[in-house]
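Order of writing sets the labels: A, B, C and D. Residues in every chain begin at 1.
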């Protein structure tokens, strides 16, 4: 269903204004494409505080361009609407007060049609900015421009995970899309191969040759020990073994906070799983389907991923281990199932004749054992945009790799995603690791 | 804006099927008229658990006719949709399980268009039922038919109070309607006249000559002492005096549970009031306006009404006192400002030359000091419809009189409304009483 | 175990100062007797916000005498400790700020020994006040003096119900006392006899010839219909029938708020009941014992009492009905099992040859269907003591009759006890009534 | 006030049974010494879920010896009481179910006297175990024996921080002890000196030559960059500058979760601080005193420590940085103010002529920027004792260095303490670091 340019834009954006415009239109267009199957009513719903309405996402990413690029840098630009700065600021304290996050679903006004007008208004102005800004000034703006694009791509993934949650709480279990032609499924996933890596001082983080978020910088050294990492993510079949072995019934394999969460929320399986007449069903963006045993397990919290790894006699990889393992793999092995593939759900690995790891980028975000924190020497950007990532560096856990809902051009081995350890509405799974 | 037949239907419904159809269409049409200014997005919002979305109201009242009239009594009637019994049952345990009340706002599906189709489908079937049912059977159905109409009228008022709350939490403060031509306002309300009544054994409750809800029956005797009741409700100006005298700042006049509520929720004025630059503003269905000092004070909880009455050296009337006082007043004095007047807000009394009380029916529901309970000899109806009123007879307080949002033909002196003592999103005010 | 003068004090208190002293010492001594089996540690515990520690009770009742009698009326009296006014004020806003109720259990200081010293200090001063106040001034103080004594008696019952709860949450299930010689139990309770009463205008409330709380006044007229009332309270055996018939498993017989409570708190039986190996056990002040089927059922919330009555095809009596029925019964029939009997638990009725009702006073407080409100013409006393009862007149339900923990001389047919409808740690049961 | 052997026991415990006995008695005696000023009532209180009653602490540490040493290893040992395994197990799922943590304060029984008897009973048995176990078997038990001693020492510190909280919520603000002779205070703290360290591969963790907790192992390599660390902790004066600069009034310097916490709990200063008549007071174990501007700031959450560091243009040290800096300092510089000093409160640094850092061990635990996690290669012990530290390795932050309440012999440079980032009832402060 979806497609788009995947080439790096870093150099092009400076030099080729048409390419910049094209890239802008492509990213913005993808947002529209994702929202297209949804009615104004669908786009209104906030099914829990973590979720934002589709309409809000569409306005917020637009506000980002308006606030950080147009208002300060396009001469004569007037805000589309005086209230939108308040309504569509997400969390930027430096920009000013904002509408409470859990109340985003209460805004029937502005109507969706006005949000579309807002998008068009900002798109016009952005094209002017891209085309007409003087060379030097434009060069200085490119990092913010790229941040805006990548920011919108992050929200594209969130739009999909959020609408999945919205539909999941509706007893009618609506479908977001018709499943794309079913990939030829393996009835069984390939055996896990343990891939060894030698430890030592390694370099970690983004090299700066292309766009990266602030939290991927600076590239720095760290030390790792020898380790082994699994060739593929854990599958539904393997996770069912954990369940059937009483995984959710005893404290044995759980971190203390995880076990408390299991009991308080009555967890007995990943979110979206349901057992009916002895068979397991899973709610997907194509409605409820039988669980594919060979596909990567998905929608796990960190607590569940960690408990599974202990039960399996292994552990989660550290961030550095994951990055080292991933950058040695070939891109082809890595990016089979991103948003562009159109599945919007993890699919079973094929693994035909591979030596290295598979499914590193795409299918499911993989929980690491690393708490999300600043890299040594990390410096947030100046101004409100410095709040982008830095202020969240506590209480969360890092995930790596991208998912079946990650937009084209948005996945890379240095990318650091992060969520709280009890959150599980994202496409999140795990890959095992162990000491060598 | 709104208009409709106000004559009693009890006899006509039995004999004149065309009149029954006309009444059905009028009531159903009023629902559509109330919803007309609202977009599908507006009709989706549930701003707090007490509030239901407009779309849900429209479907629920339809479900009521389908469940209690069509399914058992129209031969061959098939439900419009198999899920709607689950989605649009409000609280009837006897009918089966239902969608959780606080999650009504999460249902983007069925879309509003499908709810319209549901309404049309049920309307067609209802017209058939009304026209084609054999005489004797129809006579037996008339009470349920009238209950369905009155039930829908109750929800018409709720649609207005609920959308008012929905819009109130939107920072853009949308307007539901343009105010009707401003009534000629008095800058001051007329002085309160204290109207005396002799006590003794009195009869209370509905006489059965027209439709009444189960909780208005049976008509029965009770005893009251001599008392006096105020000629008009308390005004905004009077309530401001209470505020300015520190009414919300000290426990002195409050019931203990009321004072706890004041502190926990930080109440400093009625809901929808706001002070800006020294002046008081009030959010209305026509947007935010300056407070009219002469209009009845509105959107008070029982706690606030009770505290005001104590501060004023008076008390709230008992249910029996209110009913005795109201039935001696002439209808013209009573029904100036109901829904049909089109103000959708209380307006100042005129009181020109009146001897009796004014504004008894309309403007604001008036809190009594009576806990909501069963009349002696009360019997709920058989079947699930017996849950209509009886199971709520604890923890709530009775209100009398109707409001500026009460539909035509729906207000009467025996009508018993009831809410929890901390609720204040309805059009609720008070009238003072005192011992003779 | 416990004993004390039970004669009315109203006239004697004015004329005979020695009798007043003796009464004061008797009531105060009873408090000490109730606390005697408890260690300083036991007296420290607050097992839920509704419960107060025994130590706090002992200090608070003393504070009452100090605050309302000694400080204003004993010349030269100095407060025992400057902090105690803050620590031991319960809810009198007019007296000043106070320690938060749910934090009463956090006060290890003052130690119990200091509370004993406080009691002795106040007792000395009270004896001086009683003996030395001039005649006229004393006459004016007698109502407050009697209020202090009756206030302390109310806390005596609370000390017992509170320590029962405290011990119930201790896995060791401590015993407060050894059971007194078991009364000869009937294996079955006598059949219920339905006692008929004619309706009409009746007088209700206290006649003022002896002490009464403000909420028992004024004596006033009301109207009741013909009714019948059961000769004895509902028994454990009868309540077990309700449970075994699925009483807690379906919404059918419950008020809506009651059913919500049942589900949210997981109620499946009265508090303190536990099923083990098929038999029902009950926690009592003598530890855990097997349930006596013939004894009155106890520790019910209003919701449970009401649901049982509906299940039984009856209803709860109104306050007026209960009072009319009770005042026609002879005192001997009424007061078999109060605190002085030493059981501290309801016991089976004997009913030998009785014509009238039994167990009206004592055994269990009986829920009525009457919301707790002011009698017509009710006026709270002037000053902070006016907060005694009046400010609680919303959201609670009236109970009548006294319990096995009610002190001697403290039960009477006009007495109005009140609790929230979900509370069940008091000795609360029910007696059925029905329309004639 | 307190004193005790501080020499390492690792070798002696194996060979010299008398030394082992002496050590056991010394540690156990210290617990009694800490509890001595407290009444049975004081020892009963649980002022919040994080706090345990002193009585519970005394029983729990005893249960640890009984459960992990006596029951499995002393032939014929019978448990002191069958209920105590349930009552005094803290969190060991592998041992069985246990009393709910927030309900520890509800146990008036067993009385303190019985806990004393429990302690004596276990002490007798432990002395037998130490003296009579065969050599080889004893050698295998020594690690558990040492764990039991160190475990009790951890609870000694908690007893002090917990009773401080208990007394702090009492309006009478009791004193736990009389302050020891005031140390000669500097009116100003010495200037911070920035001590530079070269980065590279460093070794971290316990070398195994003495006792260490499992979380200090294994010793392993890691990489750090060049850094500088402050010579002393941040003082009250410096923290006041942060407050006076609006530190608590704006989101600017806070992590997002920290700022949410500040607003939700209304934080405006460290816990135990209070401003009265313009001066700052601080609640201490000697009661409320004026704030000493030169003393280390104390009772900060991680959020507050982190915000202060950002405000100061610095950051918190990483665990590895702290350990590297600390092990180069001389012991004398490090351990001025531990429990044995008797202050039970941080005191101002003297810094006379020092080159290195001061106050590294003692005064206040120092928040690092490191999330608490397993060292590479970490393996929890077999059996229930493996739950000691490992299952808490998520959501918490590491602290280093020990405090004024850390028992003698219990502080070392490899020690890893950990708390949730919002907790602040421990003696917690900070030391600044920055990139070189």
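In this section, a residue touches a chain if its C-beta (ideal position, glycine included) is under 8 Å from a C-beta of that chain, and two chains touch if they have at least 3 such contacts.
Note that the coordinates shown come from a computational prediction; the quantities given were computed from them, not determined experimentally.
Chains making contact with subunit C as well as with subunit D: none in this assembly.
Between the contact lists of subunit B and subunit C, the overlap is empty. Each chain's centre was taken as the mean of its CA atoms, and the one lying most distant from subunit A is C. Each chain gets a centre from the mean of its Cα atoms; for subunit B and subunit D, those two points are 61 Å apart. Centre-to-centre separation between subunit A and subunit D, using Cα means, comes to 39 Å.
For this pair, subunit A with subunit B, the centres built from the Cα atoms lie 48 Å apart. Taken pairwise by the contact criterion, the protein chains form one closed cycle in which every chain touches exactly two others. Taken pair by pair, the chains that touch are A-B, A-D, B-C, C-D. Residues 91, 93-94, 201, 220-225, 250-252, 254-259, 302-303, 306, 369-371, 373-374, 376-377, 391-395, 397, 421, 435 of subunit B touch subunit C in their complex. Residues 39-42, 44-45, 47, 83, 86-87, 99, 103, 105-112, 166, 169-172, 174 of subunit C are the ones touching subunit D in the complex.
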